[in-house]
Amino acid sequence: MIRIILWKEMISLNKYLLIFVLLIGNISFAQDYLKQQFDFAKKLFDEEDYYDAITEFKRLQFFDTSNVYISSSDELIAQSYKNGGKYSDAIHYFTLAELNATNNDDIFKLKIEIVRVNILRRTTDNALQLLDDLEKEKRWTDKIGEINYWKGWSYIFADEWDKAAEEFSKISPDYELKLLCEKTNEEKYSVTLAKIMSAFLPGSGQFYTGNYLSGFLSLGWCALWGYVSVNAFVEQRVFDGLAVANFLWFRFYRGNLENAEKFAVEKNLQISNESLKFLQDDYKGEKP
Amino acid sequence: MKYFYIIFVLLFFSTNLFSQTDWEKWGKAETDYTIKDNYRHRNYNFNSDNAGNFVVKFFANAYWFFVSDLDGDNCPFRPSCSAFFVEAVKETNIFQGTLMFFDRFTRDTNVFKEGKYPREKSGHYYDPSSLYTLSGKIYYIPVNEITAWE
Amino acid sequence: MKKTIFLFILFSLTIKPQTPNPLYSPENVRKFADYLFSGKDYLRSVFEYEKLLQYGKNDTIEFKIPVAYQLMEQYDLALQEFSKINKESVYYNESEREYYKTLLLSDKYEELQNKLFGNEVKDYQRLLYLSYLFNPVKVPDEQNFLNIFPSSEKRNLQNFFDKKKDPPYKSSLLAGLFSALIPGSGKIYISEIGDGITAFIASSLFAFLSYDNFRANHNFRGWLFSGIGFFFYAGNIYGSVAAAQIYNAKVDYQYKEKLKQYLNDKNYFMERNDFIK
């Protein structure tokens, strides 16, 4: 009798155990489906099929009612938009990911991602502002090296190579990027000097930047109309002198100043773009 | 407070602003670090349909090389008056092109241009010769639009 | 007992789901597609809806796909999909209305007019008459036109109707004649006052220079200035004619933009369907 009672109790206990175990199993199966979906979306992302990856991450988010994957999926959606050149959308999703981030390391990583997208988008003022805010916060004092690194990149994209060199020098005095920025800055022409040279001697600013033919032609025109104008004044043909001086000599003189500036700026852009091309194609370190 | 603003902005803009990017399927974009300049780059080639256009282009190139490229960027329009003349002759004929050029030159001397022409990216007024051919087919661009030329 | 528990646990852990991922079940794909549609992520919603059609016909989905294309302004695809909806569909009447509305949105006025000419259904008549405001084959009778629209909108439509019937164009011929008589006056007639004044000054200046040089027996300069003066004068006439054409193009453009804005706000006098309320 006692054996029968014990046996009945065991069966009912096992029954509850079975239900409990199957329930646990069900819950883990649901998590499996979401994990499967995450892995599938990640696979599309790794294959660079970004549009479809975003679709699958959005599907994951729609069904992930417990928000287990919310931050990681937002981050990968943002990365997809970034790789597709859709920078505003990327910033939007990085911000969402940051809001759902659970620890300081993730928060910092996502803030830096937003900085990087701002750099690529050439809204470098925003990037520098964000980095300044990070620098002021006490919880990121151990990340100061990384902050300086991205400040340097911001200045590179803002075409301020001297400031970029300064930021990289805070990491190390012989840092590779610091040396590159210094070299780029040294190679650049001084726009102010070119304009001043051309102000004193028309065409000399163009000679300074290597545009000899343009400089020679500017000098020739200014000399010609200057002579004609002075000659008119000497012969007391004041109206003629004023007309030639204003409509001809001054026009070519002003053009000479514009060209001195333009050629210096163009040459500087060329120098900057050579360095930027190197950074884009050959630099092995972390890039925006 | 900062997070309140972030959430407010995100909620306000999220459904409308960001979905339109994805109304066309897109793929990986090539990143380009280089900086583009905003200066005008002349087209010095001599490609022409006939001898007349070649002669016009020859004189235009000579003018650009010896005079226009040296006296500064004085024309507030794009295309510039000389480029307008070349385009006008190409689209019509030498006589009609000349009349279009003199009309353009007159409009250039009018200092009150603000609010009459759409702007081009570099800030110059966009005034193509196609509007003045009297063909009746005018692609009107409103004044407040920024266009891309070149 | 312990053995039983152990076996149960082992059994449950080793079972892998044999069924496909339920996130891709038709119900869940439908929920996700509707969510994308309501969030204006229309292209993604179209891709999801198209997956569902593989499971079988669905009138709502077949209607939502072209509506999504229409909202994305991909009118050719919208027209293609609307025309696939057959008479058995619950949304056949709505799709027909949206089809004609899409013709109007995509500026295919002649096609719309050919298809709807003589149609007595009120909604279609409205679309037909609205198309006449953009591109009249013949301008309809004013009272017939206004009577099919709500009385609260008659004033606005009357304005558009009047502007279409009698647009505030400037005459190219008059502009040219004015400029031939008085240089620059044609441009002033077009309301280009600054251009008119400069044209007048340029033509007068060279005419004067030519006269002055001939008077002083400077024949070469006289002919030079008269030649330049002639081109300024002729250019001023040409420019006045061209300016009138541009003015008229501007009138057309502004009229069309205002009309499109107004009709968009009124949803082309059609009931908005439930999906995009």
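Letters A, B and C mark the chains in the order given here, with residues in each chain numbered from 1 onward.
The working rule: contacts are C-beta pairs under 8 Å (C-beta built on N, C-alpha and C of every residue); 3 or more make two chains touch, one makes a residue touch a chain.
This one's a predicted model, so the numbers in the text were calculated from it and none came from an experiment.
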*Name the chain whose C-alpha centroid is most distant from the C-alpha centroid of chain A.*
C
*Would you mind telling me which chain pair, A-B or A-C, is linked by more contacting C-beta pairs?*
A-B
*Geometric centre: closest chain by C-alpha means*: B
*When the C-alpha atoms of chain B and chain C are each averaged to a single point, how far apart are the two points in Å?*
24
*chain A-chain B separation of Cα centroids, rounded to whole Å*: 28
*Take the average of all CA coordinates in chain A, do the same for chain C, and state the distance between these two points in whole angstrom.*
37
*Residues of chain C that touch two or more other chains: which are they?*
41, 44
_Shared interface positions of chain B, touching two or more other chains_ = 22, 25
_For the complex, give me every residue of chain A touching chain C._
10, 14, 17-18, 21-22, 24-25, 29, 32-34, 36-37, 55, 58-60, 62-63
*Hey, which residues of chain B end up touching chain C in the complex?*
15-16, 19-20, 22-25, 96, 98-103, 105-107, 109-113, 116, 131-132, 134, 136, 138, 140, 142
*Could you please specify the touching residues of chain C with respect to chain B in the complex?*
39-44, 72, 74, 192, 194-195, 197-199, 202, 231-232, 234-236, 238-239, 241-242, 245-246, 249-250, 252-253
*Report the residues of chain B in contact with chain A in the complex, numbered from low to high.*
3, 6-7, 10, 13-14, 17-18, 21-22, 25-29, 31-35, 37, 39, 66, 69-74
*Which residues of chain A touch chain B in the complex?*
48-51, 54, 81, 83-86, 88-89, 92, 95-96, 99, 120, 157, 159, 214, 217-218, 221, 251-252, 254-259, 262, 265-266, 269, 272-273, 276-277, 279-280
